[in-house]
Amino acid sequence: MSTPSIVLHSHKPGSPPGDLAIWFFIFAELLAFGIFFGSYAFSRAHHVELFNQSQLLLNRESGAINALVLITSSYFVVRAVAAIKQGLDRECANWLAAAIGLGCVFVVIKLFEFHAKFSAGISLSTNTFYMFYLSLTIFHFMHVILGMVILAAVMLKARRGGYTPEEHTGVETGASYWHMVDLVWVVLFPLVYVIR
Amino acid sequence: MQYQSQKVAMPYFIAAIGLFTGQILFGLIMGLQYVMGDFLFPAIPFNVARMVHTNLLIVWLLFGFMGAAYYMIPEETESELFSPKLAWLMFWIFLVAGALTIVGYLLVPYAGLAKMTFNDLWPTMGREFLEQPLPTKLGIVVVALAFLFNISMTILKGRKTSIALVLLMGLWGLAVFFLFSFYNPSNLVLDKYFWWWTVHLWVEGVWELILGSLLAFVLIKVTGVDREIIEKWLYIIVAMTLITGIIGTGHHYYWIGTPEYWQWFGSVFSALEPIPFFMMTVFAFTMVNRRRREHPNKAATLWALGTGVMSFLGAGVWGFLHTLAPVNFYTHGTQITAAHGHMAFYGAYVMVVLTIISYAMPVMRGRAANSEKAQVMEMWSFWLMTVAIVFITLFLTAAGILQVWLQRVSDTPMGFMAAQDQVTLFYWLREISGVIFLIGLITYIASFFVGGETKEAA
Amino acid sequence: MNTPPQPHFVRPCTRIWLALITLTAVTYSIGEAGLGGKNIMLLVLGITLLKSQMIASYFMGLRKASPMWRIIMASWLVIVGGMIASAYLMGLQ
């Protein structure tokens, strides 16, 4: 039996990894977040004092830890794609499991953060800053959940041996979506928690 | 036609076209009342004509959706309908209930109708688009449940395709959100808040799923493109529709007493609502360009492409024009809304129902497509109606812009009626376009009676 | 069956991962120090755009994709970054 060669592009050359349809979805999502980021920035311009004061009350540690968690999780997903390209489906599934595990860590930290805010009586109607803080983080939070569901579906299929070094578009599709979730937090964290 | 029970769609389609005609006639009456206030008064006051115009639209579209489901589901699931008898029974119940309701609107003063139909016991009437008396509303629920039972059982016993499941999801959503029409809180803010759960989540939510699956079905048939490709698009369109449409409800919550954050949610998410419509346009054209066969039914392909373009223009572009809160602050409830409403309903829902009728009717009449002559006539009707609706939209937009200016922006704002007097020219032009639309509709109906040489069903 | 060698993108991605961790730590320290103002904002924003481009190019694999995809992604970053920066400067006045 000859050594199978690595398939670098299981799809049309030049198109990004994963199913083309997911990229429409990714850019539509980025557009939505982009509009939200812009709205935040321009609202801040009108209420600089309010935003700077309210920002001090955020839990910057949990925001930063969550950034590290998602970045690392994204890296694990890269390793999962690498593993499936080598035909190592168990390893691929394990990397994905680790990535999902980190996703759970993100969710738990975020829930503590939300709990603290809600028990302090903060809601969407408290002020413009908290309206944005809560909407942006909750909207992103829902994307983390959706991303974890997608990764879990991919992981189960990988565990069943459903992907091969030649055909693993599903893994790349899930990976691309998860990187987008990471990317959004990488912008959201400095914008809402740090820049003042 | 592959399955005998598909034929039950035929009466639904015929009723749909009949009620469509009624809707247009009442539209013309109202259009004239805009400029001749006492036309047909007191026999048909404006508010009654408007109620009949909008209610007929909803009812005939529902007939169209049901007919489409009865036609598509046996073919998609590869099994006969669970109970064609039940479908026939529901057809008559729905038609009679609908007709009685319209007759009630026309013959009895609305307050009297409310008294006669036990509105005191359970008040649900008097709200725009949900004016139906209680018995009619209950009838709609019964018909919808029986219909969904029939469709769901057929899907359960047959092949489960994405198109069938998306359609089923849309239809169940339609039924579930209609239930909010029974909820009528005395707090006016809450009343409006939940009213939109029926109205908005229908036309900017679950109906779009129905639209997507109908379009996908016809595109598979006329282009022969692989099901997997079409389904992938359908999934993405559905996901985008739900993400933008559900939170997009917020664009109705700007000025009704709901918290301020709705101005942000509504603006951001509804601004994205054109995306799924744009994707539908790209979808339709890509599939037709990649077609693997030349289907003899050219008219159906034209309707499908038309749906893609006009739904994007009407729902997407004209919706976006006045969806942002700072813009809507000025345009709310003006003729801009009417312009958007006309093109969006025509472009998205009227056209998709006409698409499926155009595809399915010839098949049910035992041929793959109508004769060349009949198709040419149908295409004429397509252009007449579509161009007419474009002009109706443009004239109403012009009227709306002028109205906003005179009534709300200018330094010396006019009263409502004074501003209306200034835009009569546009209302006359709109009425003329309406007559052309009617001519288009008559042409459309006539095309069913044109004979000629036809191709046998494949 | 022999396992094929590890794909060549793993090592660069590992380095990118470490860089992202470091840059996040820098952003966090700036926040902890309570720094603010135009120059700090530009620095933090610059780091953010750099990180985003790294994720897009390496993790998402866009550096191997055709220019169209890279341009779409880059313009998203430029527009979002531009909006944030110009809104910030607006707020200074």
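Per-chain residue numbering starts at 1, and chain names A, B and C are given in the order in which the chains are listed.
Operating definition for what follows: a contact is a pair of C-beta atoms (placed from the backbone, for glycine too) under 8 Å apart; a residue touches a chain by one contact, two chains touch by 3 or more.
What you see is a predicted model, and the numbers here were worked out from it, not measured in a lab.
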Topology of the chain contact graph, where touching chains are joined (line, ring, star, complete, other): line
Chain pair showing more contacts of the two, A-C and A-B: A-C
Innermost chain, taking as reference the mean of every protein Cα atom displayed: B
Interchain centroid distance [CA atoms averaged], subunit B/subunit C, Å: 45
Rounded Å distance between subunit A and subunit C, as computed from the means of their C-alpha atoms: 14
Cα-centroid distance, subunit A relative to subunit B, in whole angstrom: 37
Multi-partner residues of subunit C (each touching 2 or more other chains): none
Subunit A: positions in contact with at least two other chains: 31
Residue ranges of subunit B touching subunit A (in the complex, touch as defined): 232-233, 235-236, 239-240, 243-244, 259-261, 264-265, 268-269, 271-272, 275, 279
Subunit A to subunit B touching residues, read off their complex: 19, 21, 24-25, 28, 31-32, 35-36, 39, 124-125, 131-132, 135
Interface residues, subunit C side, partner subunit A - complex: 1-7, 9-10, 13-14, 17, 20-21, 24-25, 27-28, 30-32, 36, 41, 44-45, 47-48, 51-52, 55-56, 58-62, 64-66, 69, 72, 76, 79-80, 83-84, 87-88, 90-92
Touch list for subunit A against partner subunit C, complex: 1, 3-6, 8-9, 14-17, 23, 27, 30-31, 34, 37-38, 41-42, 44-46, 48, 52, 60, 64, 67-68, 71-72, 74-75, 77-79, 82, 85-88, 165, 172, 176, 179-180, 182-183, 186-187, 189-191, 193-196
